[in-house]
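Presented below are the structures under discussion, each in the form of structure tokens.
One chain, chain A, appears in both complexes that follow, with chain B as partner in the first and chain C in the second.
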Partner chain A sequence: MQRLTQYGFWGALLIFLFLWPVFSQNPYYFHTGIMVGIMVMMALGLNLLFGYTGQISLAHASFYAIGAYTSTLLEVNTGISFWISTPLGIVLAALVAIIVGLPTLRLRDHYLALATLSFCMVTQLFLVNAKGFTGGSEGVMGIKSPTLFGMALKGISYYYFVLILTLLIFVIIRNIVNSRVGLALETIRENEEAAGSLGVNTLRYKVMVFALAAAFAALAGSLYAHLALFISPETFGVMMSIEVLVVVVIGGLARNDGAVIGAIVMTLLPELLYGFEEHRLLVYGIIMLLLIMFAPKGIVGVISSLRNLVRSKLDSRLPLKEEGNE
Partner chain B sequence: MFAQIFISGITMGCIYAMVGFGFALVFNSTQIFNFAQGEFLMLGAMMHYTGTVIFKLPFALSLILSLGTLSLVAIFIELVAISPLRKKSANVIMMVLAFIAFSMLFKNVSEMIWGKYPLMVKGFFIQEHFQIAGIMVQSQSLAVMITTAISLVILWLFFSKTMFGMAVMASAYNTKRAYLCGVSVHIMIITSFVLSAATSALAGTIVGPIAFISPSMGFELGIKGFAAAVVGGMGSPVGAILGGLLIGVLESLLGSYVSTAYSTLMAFTFMLIVLYIRPEGILGVASR
Partner chain C sequence: MAFLSLQGVSKNFGGLAAVHEVSFEVELGYIHALIGPNGAGKTTIFNLITGVFPLTTGEIKFEDRSIHHLKVHQIARLGILRTFQNLKIFGEITVLQNVMAGRYIRTKTELPGAIIGLWGARNEMRETKEKAEEILQHTGLYALRNELAKNLPYGRQRLLEIARILAAEGKLLLLDEPAAGLNPVETNELNKRLRQIVESGLTILLVEHDMRLVMNVSDRITVINYGVKIAEGGPEEIQRNPLVVEAYLGKEGGHNA
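On to the complex of A and B.
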């Protein structure tokens, strides 16, 4: 019964996501929908790294930037198509992640946070200062929408494109989590020494996950660049990394559905708080603090404990123990 | 020329050292990285601005206002977030996230109060420059160095000569044993939070006349303070001071002889290299 309602919810969400463009043609909604998809991709990757494997990273914006800059600079300067430049960006991000990850992922907790934070600062400063190469703080202009079979992907078609890619990444990550690899990753999070002594090559797994998360972030970056059609270093600062981290924590750590819900909430929230754009940080900060203090398992955790509460109240045959409540 | 560059490096180095010191203090007593340390500095500078420019208070009163407010802020954070989280024995990362949340809050609230644009405060002395042996020195540089030296000596005396200071050290060193010896560990943790916030606020008040103050200043100075603490060794406040001076001087030399663009990069690259080669820092003891 529980599984049925759960699948019902996700099925309804999927049908809604595929069908609503039929009823509404507002480009603003498409834009928001695409931004949610981009955020979901980043959050799923970071959740695999942080939620499941326990390795914090504040360098997610760097890989987002690598994806965005590699694809667009290649297109603008050499004229190759989106379909080649984006995979190149993804490969480059994964390579950089492996090179950076090998020394960095030996560090733990705080030190890892600091090292990834400084990597993020270094990339952003590079984007600003390497003017001849990246366009400096003016950014990259003249980006064109990708074309597929002669049709430009923008608006509704771009929305479906991003939606399908997001679903694909969701399925990939879900399969990783449910496989032996996922089990190894969670063991690393719970106790790295124990994982090592059980024959898990911890550094290799951590670097692998880091590279995978970087690859997804790079894809998201390229998709963002081809949505906004203009990129500048400001977008790719530490704040962006923190935003993804907030999405993962708010949704619920080590829950893929949490990453999705977190991304939806955090992307729609500023839109709903229209006029509060200035105080976005304040709202994020308060929400994050409240969740850390009172619901460390995030929105998903709150929902499932509420559901358990309701079920234990409804189920009068059992004595009223607070079992489901943890 | 070189001497002048060196002096300006030492001046900024003193600021990084103060932030790094505060950072190491909280880390020692709670094993948490305070990611809001830079925000403490920013709030300190802002309160000093409010005291001297808006309320037109005399200098000493404004200083007390700034340090006092920040001490209250530190106590607030400790009581509202860190202490409950410690009681629940939450993951360290959760506490780091709490600090990140606080730093977002502070930044936004100060943007609401003081606006986004850079503000100016007057220096400690009326005369802006003076000459020693043919070298032009900003008088505020001197103020920064003297203030840093005095406050660090006071802190050193506090930690090594007074019973209370030694109790703080003891509970940082071994919480359980300190508790068994009758030390109220929670009070000691609050004390180190207060001292850490107050040193950062002091750094904020003295950096104001050199750099512009704005709600976004905390981030960069805070990160350089982390870099100072990490380079020097997290376990050692003396290391944090040396690390800060080292980063300040290197940055200023690179900025003048190579390029200002890369002087900012240097601090982070330097920190990354130290983290990779010697994660316990130059003066630190390996922690296991």
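On to the complex of A and C.
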């Protein structure tokens, strides 16, 4: 029964996501929908790294930046197409992640957080200061929408494109999580020494997941750049990394459905926070604190608890209920 | 050829010689106990065998090949598995998942295969689950299989750690104080279980303080004190050995067999 309602919910959501454009062509909705998709991609990757493997990373914005800048700089300076520049950006992000990850992922907890934080700040400094290369604070302008079969991907077509990519990533993550690899990742989170003693090469897996998350972030970055058609270093700072982390935590760690819900909530939050933009950090801090105190399993945890509560109330009214099946 | 052999093994931590020139051999199919007062260096020896620390001097060989330069996960892959003195179960996942995790070295799906979600990957997980359930039945933990491991009572958690390494179908099991915190009934069950494990073809090296269990279940005993081997032999010899008695009574009164 529980399964059915879950499938029902997600099925309905899927249908909604594909069909709502039939009823409205508001470009603002497309824009928001694409941003949600981009955030979901990043959150799913970070959730695999943090929620499942237990490695905290504040470097996500860096890989987001690598994807955005690599693809657009290549296009603007050499004229190659989105379909080549974006994969290149993804590969570059993965390579950088491996190089940075190999030494860094030997650290744990606070030290890892600090190291990834530094990397994030250094990346942004590079974007600002390497003016000849990255355009400095002025950023990259004149980005063109990607074209597919002669048609420009913007608005509704871009929305469907991003939607399909997001679903693809969701399926990939879900396959990983349900496999032997996914279980090995969770053992690394739970107890790294014990995981190693069972034959798991913990460093290799940590670097691998770090690179995979970086790849997804880079894809998201390129998709963002080709939505906004202009990028500048401001977007790619620590705040971005923190936002993705908040999404993951709000949704519920190690729950991919949580990452999706978290992304939706976080993207819509600025609407509710109208007037509070400067205090974003404060609001995030308060949200995180409240979550940790009252809902450590995130939104998904709250829903689970509510469901259990409802079920136990219903059960107590059925005195002739048989023993649950084992 | 000895199954596992330590030759002249020493480990210094800074100026402290935790283990000094220890040599002994574990025979295939034996239950071999490593005993000695607290702080004698027994867990350090375990850590040396499993590659947690590098040796300062000496050699460790398993099935006649040197293993002391290998990494922790590589040694596990050879079929040498261990439990921990201070329990290291995976608390936030289920009992079933803990045992499935133990099966890691017997399976092979890697990231590419997992991503594509090939049939092989799913079959492997299904087999892993079945094998894990078998072991849970065997160890009496089946009813608890969907509980989070952290919610189990201590005695069951200890049993879970053993069930977890059984899933690996290894060759040599290093058990670090498996009876710690167990009541007499549980200890009796452990005794039987250890015998069963060895009867199914495995070899056990055991660190333990419960002397009754040790004397009852061991085929051979090596005694360590202050990082040095002071005696070796069968249970009867060891019990009569004055050096051993002194080491225990001199330190903490020990448990008498």
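Note that in this section the second predicted complex is superposed on the first by the 305 of 326 C-alpha atoms of A that agree within 3 Å, B and C clash if a C-alpha of one lies under 4 Å from a C-alpha of the other, contacts with A are read in each partner's own complex, and residues count from 1 in each chain.
Here, a contact is a pair of C-beta atoms (placed from the backbone, for glycine too) under 8 Å apart; a residue touches a chain by one contact, two chains touch by 3 or more.
All values derive from a computational prediction rather than experimental measurement.
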Classify the contacts of A:Leu107 with the two partner chains as first (chain B alone), second (chain C alone), both, or neither.
first
Looking at A:Leu117, would you say it contacts chain B, chain C, both, or neither? Reply first, second, both or neither.
first
Please work out whether A:Asn178 is in contact with chain B alone, chain C alone, both, or neither, and reply first, second, both or neither.
second
Using the superposition on chain A described above, determine whether A:Leu17 touches chain B (first), chain C (second), both, or neither.
neither
Where does A:Asn191 make contact in the superposed view: on chain B (first), on chain C (second), on both, or on neither?
second
Quick check on the superposed pair: does A:Gly285 touch chain B, chain C, both, or neither? Answer first, second, both or neither.
first
First, second, both or neither for A:Val249, with chain B first and chain C second
first
Would you sort A:Leu229 into first (chain B), second (chain C), both or neither based on which partner it touches?
neither
Chain A residues contacted in one complex by chain B, in the other by chain C:
none
For the complex, which residues does chain C have touching chain A?
50, 52, 71-73, 76-77, 81-82, 84, 88-93, 97, 100-102, 104-105, 107-111, 113-117, 121-122, 124-125, 128, 143, 164-165, 168
Contact set on chain A toward chain C in their complex
171-172, 175-176, 178-184, 186-187, 189-191, 193-202, 208, 212, 326
For a test of understanding, state which residues of chain A touch chain B in their complex under the given definition.
56, 103-104, 107, 109-111, 113-115, 117-119, 121-122, 125-126, 128-129, 238, 242, 245, 249, 278-282, 284-286, 288-289, 292-293, 296
Quick check: in the complex, which residue numbers of chain B touch chain A?
27, 32-33, 35, 81, 84-85, 90, 92-94, 96-98, 100-102, 104-105, 107-109, 111-112, 219, 223, 226-227, 230, 261-262, 264-265, 268-269, 271-272, 275-276, 279
